[in-house]
Amino acid sequence: MTVQASNLESEQLPDPSGAPEGDVSKLAGKSPTRLALGRFRRDKLSMVAFVVVALYILAALSAPFLVKFGVLDPTSFNQELTDPSTGGLPIGKLGGISWEHPLGVEPQTGRDVLSRVWYGLTFSLAIALTATILAIVFGAVLGIIAGFSGGWVDATIGRAIDLTLSFPSTLMLLALSSIGIQLMADILPGTFSDPLPNGAYVVFVLALFGWPGVARIIRGQVLSVREREFVDAAVLLGASRRRIYFKEILPNLWAPILVVFTLTMPAYISAEAALSYLNVGIKPPTPTLGNVLRSSINYSSADFIFFFTPAFLIMIIVVSFNLLGDGLRDALDPKTHR
Amino acid sequence: MFKYRKRVLAASAAIALAAGLAACGGDDGGESSDNPTGDAAATGEAGGTLNYLIYAPIEHVDPQRIYVGRDITNFSRTVYRQLVTFPISTDPEVSNTPVPDLATDTGTSEQGGKVWSFTVKDGVKWEDGQPITCEDFKYGASRVFATDVITGGPNYLLSYLDIPTDEKTGLPAYNGPYKGDGQELFDKAITCDGNTITYNFKKPWPDFPLAVAGLHMMDPYRQDKDQGDKSNFQIFSNGPYKLEGTWSKNKGATLVRNENYDPATDDPDNIRRALPESIVFNIGQTTETIYDQLIADSGDAQTAVTGQRVPPAYYNQIEGAVADRSSLQASPYVDYLVPNFRNMTDPKVREALKVATNAEAWINAGGGEKAYAPAESIVNPAVVGYQDNPAFSGPQEGDPEAAKALLEEAGVQTPFPITFTYPSSETADKQAAALKETWDAAGFDVTLDGLGDTYYDVIQKPNKESDVIWGGWGADWPSAITVTPPLFDSRINLTQNSDGQDYGAYKSDEFNSLVDQAQEAGTLEDQTAALQEADIVLGQDVAYIPLEIAQFYFLYGSKVTGFTTTPASSMYPDLGAIGVES
Amino acid sequence: MAFLSVRDLKVHFPTVDGVVKATDGLSFELEKGRTLGIVGESGSGKSVSSSAILGLHRKTSAKVSGEILLDGTDLLTLSDEQMRRRRGKDVAMIFQDPLSAMHPYYSVGNQIAEAYRVHHDVSKRAAKARAVEMLDRVGIPQPDRRVDDYPHQFSGGMRQRAMIAMGLINNPSLLIADEPTTALDVTVQAQILDLLQDLQKEFESAVIIITHDLGVIAEMADEVLVMYAGRAVEYGSGNEILTHPEMPYTWGLLSSVPDVSGDTDARLIPIPGNPPSLLNPPSGCAFHPRCPHRDKVPGDLCFTTLPELAPGTRTETHLKRCHLTDPDAVYEREVLPEIAPDLVEESHS
Amino acid sequence: MYAYVVRRLFVGVIMLIAMSLVTFVLFFASPIDPARYACGKNCSPELREQTRNALGYDKPVIVQWTDFLKGIVQGRDYPDDPELRAAAPELVTHCPAPCFGYSVVNTKTVNEEIKEAFPVSLSISVAAVVLWLFFGVLLGVMAAIRRGTIVDRGIVAAALVLYAFPSFFIGLFLLKFIAIKWELVDVPVYTTIAEGGIGGWLSSLLLPAVTLAMLYMAGYVRMTRAFVLESMTEDYVRTARAKGLRQNKVLVKHTMRAALTPLVTLIGLDFAGLMGGAIITETVFNYNGLGKLAYDANTTNDLPTIIGLVLLLGTFVILANIIVDMLYAVIDPRVRVG
């Protein structure tokens, strides 16, 4: 399937595998890339999704520079734009929307909302991206090893997967947050409250509970790829194991990995938001989509724009990424009608 | 002490530890705002059911363990009577002066406050009709010493009561009624002569009656009802109400009339009007939900009051008719900053920090004037003998330029790096960022260090890296003796592995000697004078920088009558006065 | 007028990558009691055409045109409901690979009985009894016990028998057997084929048997239709086609199977290259890319022009689609020696 | 079969023991001192030391761990202080086997806490599962039948959008608008059947269940759709049609039966996860289920409760896995367990 119940509801973090192996395992790069691309281009919805995702990524990349050059200013206060007598609500209509502040300003501090969500996007995507990559790399490597070597190695990895998945991940990451972040603060630059350690902790936890799903899919893939003659050939030619893993098998796994990637990203973007709600993750003043949303959720009646904006942005990117993933899947494997 | 108060306020503001940050305040007595009734004269009709809406579960219901302003007053007015208690009045003078409750008078002291004795009234009964005896009081006090079972409560008795200290553990040689080691020592320290109970202290305790009225540690307890830790959520009443069924930590409970309590004889001074037929402590809805309902004034919310402060996001909905149901009063808490004297040794640098501090931005970042009032001392105006501290009078929006100048005078090289440690939360993070602005402008280079659950562990470490530390405080009873000495007396705080509550490691012989004066003082007047002087010393050394006094901004249902918040009730709704239209 | 006559049958699948012409203008006729064999590599359009006869193609996914006259009624003009009523009753089909063609979650008996109850208003018990009867008829031992088994508990041969039972339970007048013997070992193949023949005699039904195995054709078919790239390339009586094939593709098929007479020193010559894409089939004769004899045709006829399906040099009823002018000669001279030397000797002596 | 179950259960127990050890070690490393919280305000180092002894946090981790395991087998006494037991036995709380520990913060055994919280989580998850299964499968099948049409796209898109909003946002939105602003339903407060009867119980579950259902439904819509489409192309479905079966009979008896089988796994695991408490939803609505218990235990550093919950939830997951496999054997005659 495409959508995973992420948002950390249920005790589990989003599981990239999502569906039973059978479902995704059809993807192995059977159809020629060109055909796939052609199909993809012809799928309007996917193209739209692709464009949206591209725009988001562009925004995320541009934000740090825009901040550097002062175009965006997510941190400085403009308390003159808020009214202390109303609990610091923005002065003016629709959350103080103006030319300088197209999405209004944050209550009490008067920080520019557009700058915060824009810059926050950078951090949210960075977290989701690194977590996804870690989970996929780790999962893929173990999945390949398991699938290829079989026997006790396979069994051991299988056990490890089961054990990891048996832990109530949300509870664990909550309970371990203070020590975990402390740990990160020790090995990484930055203090307990700095973005880096907090972000690193989230990335670490997401990856920690994300790899088993990937490993399962990839293992399934490898088992099917393994049967193909050219691998046997390689074995006969006495190619080294590593060579076989990475030269013979990996190339045939890019399709499923690509799809898993596009479907894991959105899950982790929501995860970041959900974790922020539980007060785990990068803390203000450094913005993320998650912590901006957290600071806005009580303003449903007082300042609807402020209340709705971050949630809406998250919704759009998550939907787009999922559609993109669907599109890729369809393109890469026309047989699965999704 | 603050910790729990803070934690609860934190919870009540529905934002982790550090609404604690938010939670503090004081008020110059004035501005009784839209408070319908204020003085003790007001009367509402009896009957009906009052709902008291609470967000976070109450940790302790056991009198010797209760240590939260809101709970202390709620239980004082309903189920736990004290030897002496505070009357209902919006006038601090009146409501900070104890009146007899279970005792015949407000107590007599000898040897300059080292010995106190009270006489228990005749005919006062427990909810089961048995009389309350001197022994019950003695037993209640003894429980405080069972520090391994009766945890979390106020433990002043450990340091005041005349019992030798066990060298090995560093704790009193008496360890409570359960194990009974050193019982004889305790029996010497507290004696019963008929109905008269006498307390013998190591050092003078001139404001002991205030302590008795301000807390429940001295409450009576019936030995046959004591199950130690299991009693944590049990109520054995001697007040106008009693518990119906059991107390559920997550849901709360219902209080109904106690037929063994007779207003005529038990409440001559009218300190517990006990108007509602029953009172429901309704625990478990978020502050936002509570206020959504109070504003809508729907269903049970019509007869509801709460100790949760209005979240700033809701201020703009409290207008017109709704505003008539609101109450804006200063709380008895103060939030403050302390410079770390280990790192910020140069007085000029501390002065610069003070001058650059923009308390106004901090207040606005926390919700503005309805959330906080400016503070001019670490002592709350509600405290007996309060006076503004000259060091902190005047405007408080911070003056970076002046501060810059001071830093230059100090000859330190700028930007001068400082780390500001505070308990992280939604609001706190904003407020800290607000302070950073002017500090940076003044030539400091500020690192914000917002911490989680480990906050107090960290800031008590002598080797902490923090240069500026947040603190919040509320007096346990309305006397400055429970404010400055516990916070700045280096002798009781600074040990090798902990700074206690003197987070800034402030150490001043001048201050300490004034504290001694205050503690040796036989009368409240002398004590107050000494403490006022001590506060001025603190101001000169910039031992602290007051931030604000949290405003208690409450809303109550349309059918609630005689809504009052008094210093006696720590400015929470005073259940002694409030009734409902039935 | 023949019992079944298919005229200019076209089955086109529009896909994102273009229109797939799985069957492109197929015509043939078949009488009751007789058997038509359709031969061709996989993807030559055999199965698609037969599915079309059963009306199995979804209107959403496939465009079917032409005429399929069964007993004079054009099946393509029937409504879905009317077609459904005939499906499995008048026209039944036996699919290849019975393992996947049977539902893994239902017992064999259940599935056979179901086929009966669709068209007969009888009780479950009655239907089951009928199923047992059929299983017995197709030679399943202890049918009353095996009737409750699941497909995966049957052996390949038995599954195929079960499929046949399912197909014949409503004794249809037209039975289509799609690769009925693929994936069965030789002895079982023989049994199944015998069974089919017996049943055909018994029920007097017309049978279309689809296969790529000329051995099967030799065994069963009265007429043979050779398909390539969605078109008929050769059509005639079984005997004719097997002894005097006139289309190089057919030769290829012949040379790629063991000699019918089971001669051991016969040699297998696989057809070079792969079946063409149906998306964009080769210009001219679809077979030309793989045809070893195209140089015998003057000019670039093979590359440019699609040959007619026309009577060859032998009989009016033996149609072929090829530009070769003297196929027999080429066959005798070049192909036969390769695949069946002994036959050649005979013809010389 | 029987032997298989036993073996699986055995492996499960091993896994749980491993989990408990991991958890203990992790928490022992935590900088948080549970004694501080119990010790309370103006707590001198001496007092804290004494509290730590009383709670047994002074013992080395291995000892604490073995005590814990002992407690599960033969029960424990709290506080475990022979002196006190001798002096005042009525003060000692006995926690009968299997004892998951004793929460100082709540002055209850963890078993009691779980006993109180579990029904809430169970109710919510049952209600949620029913909702999302009913709508998810229904819509999924509809989408599959109308494949490619506007109906199909609409259903899938709507489900995706609902999923893409962070769940706590959805929850708060429902609470603030459906319940409070528009007063379409009562402000949800958990009501047991005993208190409010079936009706009250159900209505109190509505909003939380809907919140969760929205989160999961998208996944099930898309999976159902995918599986149905997939099995539509199966040979046996073609066979069924070739028999002349009516379209909907084919759909129900042949297509669906096969398509819905893989859902069983996911339902099983998701449900197991949810029974462990939906931390965010329960926090948003302030329902005292296992999720809220976990959240509170974390904010109050209530280690015994956390550890108890980790193991409980682990058990759920492990059992769910076993049960799902059993179910499979029942549903699919091809599967031979053992």
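Here the chain labels run A, B, C and D in written order, and each chain numbers its own residues starting at 1.
Heads up, the rule we're going with is that a residue touches a chain if its C-beta (ideal position, glycine included) is under 8 Å from a C-beta of that chain, and two chains touch if they have at least 3 such contacts.
Please read all numbers here as calculations on a predicted model, not as lab measurements.
Nearest to the common centre of all protein CA atoms is the CA centroid of chain D.
The interface with the greater number of C-beta contacts, when A-B is set against A-C, is A-B.
In whole angstrom, the spacing between the mean C-alpha positions of chain A and chain B is 45. Averaged Cα coordinates give chain A a centre that lies 52 Å from the centre of chain C. Spacing of chain A relative to chain D, judged by their CA centroids, is 23 angstrom.
Chain centres here are Cα means. That of chain B falls 93 Å from that of chain C. In chain B, 16, 288, 453-454 are the positions where the chain touches two or more neighbouring chains simultaneously. Among the residues of chain A, those touching two or more other chains are numbered 178, 301. By the document's touch criterion, interfaces exist between A-B, A-C, A-D, B-D, C-D. Residues of chain C that touch chain D in their complex: 51, 54, 56, 60, 80, 84-89, 92-93, 95, 97, 100-105, 111, 114-115, 118-119, 150, 152, 166. Against chain A, in their complex, chain B makes its touches with residues 16, 288, 311-317, 361, 363-371, 419, 424, 426, 429-430, 433-434, 437, 447-454. Taken together, the chain D residues at the contact with chain C in this complex read 147-148, 234-236, 238-247, 254, 257-258, 261, 331-334.
Residues of chain C that touch chain A in their complex: 15-17. Across the complex, chain A meets chain B through its residues 75-77, 79, 82-89, 107-109, 177-178, 191-193, 279, 283-285, 294-295, 298-299, 301-303.
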